[in-house]
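Chain naming follows the written order as A, B, C and D, and within any one chain the residues start at number 1.
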Amino acid sequence: MGDAVAGHFGELIGVEIVDLGPDEAKARIAVADRHKQPYGVVHGGVFASLAETLSSAATYAAVRDEGLVALGQSNNATFLRPIREGHVHAVARPRQRGRSTWVWDVELSDDEGEACALVRMTIAVRPRR
Amino acid sequence: MGDAVAGHFGELIGVEIVDLGPDEAKARIAVADRHKQPYGVVHGGVFASLAETLSSAATYAAVRDEGLVALGQSNNATFLRPIREGHVHAVARPRQRGRSTWVWDVELSDDEGEACALVRMTIAVRPRR
Amino acid sequence: MGDAVAGHFGELIGVEIVDLGPDEAKARIAVADRHKQPYGVVHGGVFASLAETLSSAATYAAVRDEGLVALGQSNNATFLRPIREGHVHAVARPRQRGRSTWVWDVELSDDEGEACALVRMTIAVRPRR
Amino acid sequence: MGDAVAGHFGELIGVEIVDLGPDEAKARIAVADRHKQPYGVVHGGVFASLAETLSSAATYAAVRDEGLVALGQSNNATFLRPIREGHVHAVARPRQRGRSTWVWDVELSDDEGEACALVRMTIAVRPRR
């Protein structure tokens, strides 16, 4: 199901959606050279992009039956530890599910389960036009 | 010069570095379908990734002769307006150039010059190991 | 006009509103011991609180005639340089004035005009209940 | 112990430090009129200030024996739900304890235990000068 949900950019960076539950959503990326910045570690933009793809898809999955769409409003990423190989694993948990705003905490970790980046994602929920 | 400076991920998303001056740095991406999320607009991760690629490269250009490297510490993106076509233009201006931390304000705009996203990027400067 | 606009907490921390124009708003605090953290410099919370008081008041001044209220949604502060004495000067400029969201960039500076903190403030605009 | 640790500004806003453990730190504020903005709810700056006071004090408690000090670098607050009365309770958990940077997630909640604000706090750790 990943490709249609993740969209073209999600495909480009290799997002694999694992689960889109309303209380916890999961996705991952298998790290390859194309994800790296010049020092050989995963680019910070990959963490931010994976977190946004996952939390946007999970929000949309929860609100689309009400005729609503989900639009990223802010993406605040903090980088803790580099990843050189393996996977980037993302787990997103909703902290607010409001009528007009959803807030997600997304934790990105490596194959050893160490937290490598934290993303707080705010998503606007609006009527489909 | 863009490819070597932007790294593999910069290449993947098509970052074209325009200028890496220490007081103002510029880059852009020519928008294509691969940059879009499911609603047909540029994915928020593209804005965050472009801003981080540009400000990291500009920081590194300024500190590499001192034996230092530049590592993203946080990337705070706020989305203002969608882009569907044309280019994403990025202009980065340093707000702090400290011994251990650089802070950049990056404005992302469309071909009409309208601001579409704002990124505040914090970069750690550390001795090369 | 400062007190009524700034509210009780604005009074407590000594916010003096200088100007609430829709394109640029200004306020300041005269630094005293009560604003300091244990190392003798102005507490980061003072910068965040001043920025939020100012941008909330300026948003409300612009939307109240339409029956709307302004509610802080996020406050992202980056600290650049300490202040020990004199004033904290705040200048806020709107980057988005949407139907449901306003975004302000607030620069906090010292009496020498040096930038000491940057705050990106997002304010939700909602109908008065 | 609260007053000396919280500093003058911590005293001004009534921060009561409950616990400063390295794995979890707690503090609270008893809500009074002086904490409120014009709509009668606790000012967002109170949440940001409480989170910064707590996480700075907890970092300093952990590093002072090594001759280090703790300085706020960024304070990213997201507001979820207003508080009108009772207490603001803060629980801070460290997400990174590096040589030069500590990152804390601080959750602010009301007397019913509902999350009202989330703060991601980055603190620079530096040698005492």
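We adopt the following convention: a contact is a pair of C-beta atoms (placed from the backbone, for glycine too) under 8 Å apart; a residue touches a chain by one contact, two chains touch by 3 or more.
Predicted model, so just to flag it, every value in this text is computed and none were measured.
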{"item": "Contact distance in steps, from chain B to chain C", "value": "1"}
{"item": "Chain pair with more C-beta contacts, A-D versus B-D", "value": "A-D"}
{"item": "Chain whose mean Cα position lies farthest from chain D", "value": "B"}
{"item": "Between chain C and chain D, centroid-to-centroid distance (C-alpha), Å", "value": "19"}
{"item": "Computed distance of Cα centres, chain D from chain B, in Å", "value": "31"}
{"item": "CA centroid of chain A to CA centroid of chain D, Å", "value": "27"}
{"item": "Sequence positions of chain B contacting 2 or more other chains", "value": "73-74, 76, 78, 122"}
{"item": "Parts of chain D lying in touch with chain A, wherever the complex brings them together", "value": "76, 78, 80-81, 95-96, 103, 105, 115, 118, 120, 122"}
{"item": "For the chain A and chain C complex, residues of the former touching the latter", "value": "73-74, 76, 100-101, 122, 124"}
{"item": "For the chain D and chain C complex, residues of the former touching the latter", "value": "4-13, 33-39, 42-46, 48-50, 52-53, 56, 60, 69, 71-79, 82"}
